[in-house]
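Two complexes are shown next, each including chain A; its partner changes from chain B in the first to chain C in the second.
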Partner chain A sequence: MSGLLQHINFPGEEIPWLRDMRCRAAAAFASAGVPTAKVEAWKYTKPRGLNTNDFVVSLPSSQLTKVKPKLPFEAYTIYFENGIFNPALSNLPQGVEVLPLIEALMFRPEIRPLVNAETDFAAYPFAALNTAYLNEGVFIRIDSRVELKKKLAIIYHTDAAGRNLLCNLHNLVILEEGASAELVEYYCYDGELKSRYLTNVVNEFYLRRGAFLHHYKVQNEAFKAAHIALNLVDVAKDGGYCAFCLQKGADIARNETRVRLKDEGASAEVDAVYVMNGWATLDTTTDIEHLAPCTVSHQLVKGVVGGNAKGVFQGKIHIAPGAVRTEGTQLHKALLLTDAAEVDVKPELEIFADDVKCSHGAASGELDEEQLFYMRSRGIGEGEARQLLIDAYLDDAISKIEDENIARWITLEAK
Partner chain B sequence: MNKITEIADESGDKYKYGFVTDIEAETVPKGLNADIIRLISAKKGEPEWLLDWRLKAFEFWQGMTEPTWAKLKYDKIDYQDLYYYSAPKQKKAPKSLAEVDKNLLETYDKLGIPLKEQEALAGVVAVDAVFDSVSVATTYRAKLAEKGVIFCSISEAVREHPDLVRRYLGSVVPYTDNFFACLNSAVFTDGSFVYIPKGVRCPMELSTYFRINARNTGQFERTLIIADEDSYVSYLEGCTAPQRDENQLHAAIVEIVVLQNAEVKYSTVQNWYPGDKDGKGGVYNFVTKRAACRGNDSKVSWTQVETGSAVTWKYPSCILQGDRSVGEFYSVAVTNNYQQADTGTKMIHLGRDTTSKIISKGISAGFSNQTYRGLVKIGPGAVNARNYSQCDSLLIGQNCGSHTVPYIENRNKTAKIEHEATTSKISDEQLFYCQSRGIGEEEAVSLIVNGFCKEVMQHLPMEFAIEAAKLINISLEGSVG
Partner chain C sequence: MTTPLLEIEDLHARVCDKEIVKGFNLTINEGEVHAIMGPNGAGKSTLSNILCGKPGYEVTSGSVRFKGKDLLAMSPEERAREGIFLAMQYPVEIPGVPVTTFLKHAVNAVRKHRGEPELDTMEFIKMVREEGYKFKLDAEMIKRPVNVGFSGGEKKRLEVLQMAILKPDFAILDEADSGLDIDALKLVADGVNTLRDGHRAMLIITHFQRLLSHVVPDFVHVYANGHIVKSGGKELARELEEKGYAEFEKEA
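Showing the complex of A and B:
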């Protein structure tokens, strides 16, 4: 992939700060390269093939499609097509700042320090790659005490023109004091897309005092795609981050979430489900850092693995020295449907304070024969009975979503 | 000159095994190279094949790098600044216990390890005593021989049972396994050898007692236990070292082979010198322990109480090859002051219907850091494998750390794996409850800690359990309030 690091004259090269950061990131990626299984963080998820295939960095083109995927709920939309922002198809909310990230960085120097503020490029090689080509993505700022009435959906759509594309997207979202919003991310593709591409997203969320963000994500990339997402969340006093991610597409995918609970009363709920078949590897990685006393986090991840697929979960709860009266829980469960399915799990507790309540649990197994038998004996066909059991298994996690519309949508997508 | 020197207890530490035995020792020159290995091998009168094996291991080791993945911080070890062989000088090899140097007997007496066979309590345990690099005495050999049980030092086994040793040595932990195991394979000096013949239930508990005495000496012992079909043995291991300011290196290997329907129970109370309250000195304990359940219906159980060592790096493992084989791991690890422990287990399920159970209890106090690191791996052929793991940590004080890193790899859908981990502190309510009933704070803590560890302690042989409970309390003394 090193051949990729060609120099592209993206906007903003004349700003020394931006040029330097891109260069630093490019150098970091060049020296680290695509991680191999020897890198502990990528022990189970091998970004196979990413070295050899020649990806092409996505650039704006004049050909824009007119159709866009529909969401079964009302929402403002921000639309990316083959990694490029398409304002014509977007429907932006009023009274909220939404503009392309690159413009925001050029004209709003005060937000610059927020970009990659705490990202160690050596530890996150894909974030380095992302920053080396920092250009696409949006900047969203929701003012103090503003509550977005409708959901804000970002749709990333890839079609046949997306062959071999490397889409680097970087979003910066700020919720000012007391603001609240529901953000939906939907990664989808055109039915005919059978080629490889790499979506490499970095989301940075800053939740100021008392701000609350719901973050729903559905990853349904084309079956040969690679999807690497890094969500960096910074939660201030009494703020809350509540995330739910469904992964079902792509050949290789990681959804990584790092939450920093920085002040008292900050909380995080990071739930996910993954449903997989074929030869895919889907990875859910979390890193919840409790940096202040009285912070709370909960995680529930459930997976259903079929075919020759491999499910990966790596979850870390870190309690910093002095972060007392904290609570961190984590539970991962996986269902293996076939003989060739595999699941690799690495939960991790790292605790430096004594007055804490932390726990994690992990379990994996197959469908319960007795439950199947029970349903079969009542005249339910085997296929249907299995599907019912799988649905019920996932519903455990999906039912935690408060919003009915979203829960229904995710249930449908998970089938 | 021949006497046991007491070291003044200046720092107020409670390590009661910190004395040094002043005994003339025979050492090889400092440093590590092929000649030193030849010298060690020659001193032990080893056959050609073993020397070759050592040299191959040494060559391989030179190409290896020390692992850094563990959550441990310690000064770099200078492997050239160590003595690799130190043996108490004895005029000639003792033929019976009566001929063993009086000083050595006295040392073991002082450690509470009876080498005199007639002693009442000792009647149930046969002991192999290893002092620095060599085994100085093995008790009850005649009685064991009646049953066909071989219990001797590994050096003797190399001479007297070369076929057995050659067949099994390195078959569970090959020299290429890891950095410290490879070093051990090149320079191991002694250790115990146990062979339980077919159908024999070992009539008494076997035990090895390791003692580091000499300064700047690495201890590299190697234990090999073979349980033939339908046999059973319970094996105990204890260890202590003098209190010294510099760190001592201990890199041991334990290999266990369990054949069809046999069972081995291996218990350890590890009480190497942990360093003083400022973290000075102490033993670096890098140990590779592994059991292979080769036969169907075989069983291995590891029980460990880890209270000593400045740095512990130890993952007793079970390879469950035979169908229906069982692996168990019960562990209590206590760290205080500046101790660091990165310990856990690996359960590798390969056979059908294999089961494993992991119960790990970690207690951190003072400025110590402790990590449970474990692996449960279910191979594609391990149909109906079952694992249950529970890792609980207890924190005492604001400055210690407790970490849990279990790896779970499942490649068989019929496997059932459950893992639970919790971390908490001794709750104020529990303390208050005890104190309101007139139990002092220290005593209350000890009560709660004992309750916390109970599940593991009950798997220890009785005398060991009492000793271990005392040790835990001593290790935690002064950590409250």
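Showing the complex of A and C:
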């Protein structure tokens, strides 16, 4: 039995469906516990230091009063403080359904089947933990053929000073037929760099026929924080999911993305960069399932690892029987800045169909001494020269972002 | 008497335990253009790399003073900021770093060191465009990553462009003519000549005499077996071209 489970009377306990799901999830988490290195999916990223009684579920009293972080582009905002939705600080779009998930689940029974529809709690212990405490998070629904004009940003602002909070969040996003939106997630902290807290977030995205979602994420949690994110994406015919994630914060973090390309013409672009130092472990895990013919996925992940840090990339492409004429590519590259820096890479291709185009590749290297000397011989300081080369290294990944404002923001955040 | 710009005294250096420079002496004053000629494999490039502080070379004895300061104690970037420039034999390609970004960082590092204000982007772009025009490097080329996809001649012209922009007090041209056809050679040589202003000193390292008929040196030194075996005026270059290096190597 893991010490993480506390008994809390969350809203919605009177709804049998919700109560049952929470109980089922709590039981699953209690039996599996925080995964150890013996669990294959967590072999390289050991969730060390999480298996304690120290974490306390964040409740509304945990709100902070500090200055709200600003994003350098225009956006609607959904603002969470220490894992708690703050409507007063949010700026919600008109004509789009945005409400706390718990309210949506209480009053909109028809969306209930979408929550954890295909999540096996035994395989995803943190999703089990997340559901055991299912309460915070938002429900967003964008109607057919509506194009959200401005970006929609979710800001997760945490201080957690001395409180070891568990910020447990679950978002459910539906883009109806032909709808399109740009969703930004920004995880940031205030005050104590050494705050210890755990962000455990599950995003479920349902992209209906022809819908298109851009999903940009910057994970800049405090230095001692832990961040576990699971993005579950369901893409219907001709729909598209295009994600870019920058991870740079936290002591231990995983950004896991599972995409199901369910019908012909569905596509996914799942790109990421990570920049790390110290003793951190930052993990990017993907699982792209091609479940129908003529589906396309591309992944480009690039990392810069310094200090004693460890980057992990586990990338899976699954092509189901009958998913012919599909294309799946994957490339991971890492730059190791020190001898103690490490990357662990596990590509997996599962191909059960003929007539497919599939590829994966991985490479790691160091900064080029000749390039460094060339720059220094022109008067550029060593630190500055290294940074220019690191920026250049990440540039081909970041330049895949079409939106100039986002690309500029991520370039700055990656420094 | 004024302090010489560069004073190299009894320099010994090795690479991977192999002694390559053996008792090298050279003094260069402001405004002088020197040429060092020598057979391939004599270690001419080693000398230029040591002067610029490239890692991997070990100076075992001797001294190098630049403007009276101990050059060997400085990092490569400090040497550049003090006014040393090396036009490289094989300029390095840097994918992902545009020429303009690279040059702006370099120019502002040097200006900052000299106590001059840093240039803003507009001033900088204007200057690079004007200088680039002189070396037939157009606006499109200077947006490209450093040396990536540049021909041999373009790379050499970019080296001279950098020299023109960074305005060093002392420039070393390491095999600046290698791989150039006659037109490209003339363009590079003309560029170098316009930078020869009576104050700036230069050290031209070359195997052949052909660059020296365009950029005429004040002094020519023959370098063999790790040190200078003969020094003379510009006529020495022609003599070498006729006789070859063989007899100097014997003397050494």
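The working rule: the second predicted complex is superposed on the first by the 404 of 415 C-alpha atoms of A that agree within 3 Å, B and C clash if a C-alpha of one lies under 4 Å from a C-alpha of the other, contacts with A are read in each partner's own complex, and residues count from 1 in each chain.
As a working rule, a residue touches a chain if its C-beta (ideal position, glycine included) is under 8 Å from a C-beta of that chain, and two chains touch if they have at least 3 such contacts.
Just so you know, these numbers come straight off a predicted model, no measurement behind them.
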{"item": "Touching partner for A:Gly379 - first (chain B), second (chain C), both, neither", "value": "second"}
{"item": "Partner touching more residues of chain A, whether chain B or chain C", "value": "B"}
{"item": "Partner chain(s) touched by A:Asp395 [first = chain B, second = chain C, both, neither]", "value": "second"}
{"item": "First (chain B), second (chain C), both or neither touched by A:Gln371", "value": "second"}
{"item": "Which of chain B and chain C A:Ser359 touches, first, second, both or neither", "value": "first"}
{"item": "First (chain B), second (chain C), both or neither touched by A:Asp263", "value": "neither"}
{"item": "Touched partner set for A:Ile351, first chain B, second chain C, both or neither", "value": "first"}
{"item": "Shared chain A surface residues [contacts with chain B and with chain C]", "value": "none"}
{"item": "Chain C-touching residues of chain A, taken from the complex the two chains share", "value": "368-371, 373-382, 384-385, 388-389, 391-393, 395-396"}
{"item": "Chain A partner contacts - residues on chain B that touch it in the complex", "value": "69, 380, 393, 395-425"}
{"item": "Chain A contact footprint on chain C (complex, rising order)", "value": "52-55, 75-77, 79-81, 85-86, 88, 91-97, 101-103, 105-106, 109-110, 113, 145-146, 162, 166"}
{"item": "Touch list for chain A against partner chain B, complex", "value": "40, 44, 321-322, 324, 334, 336-366"}
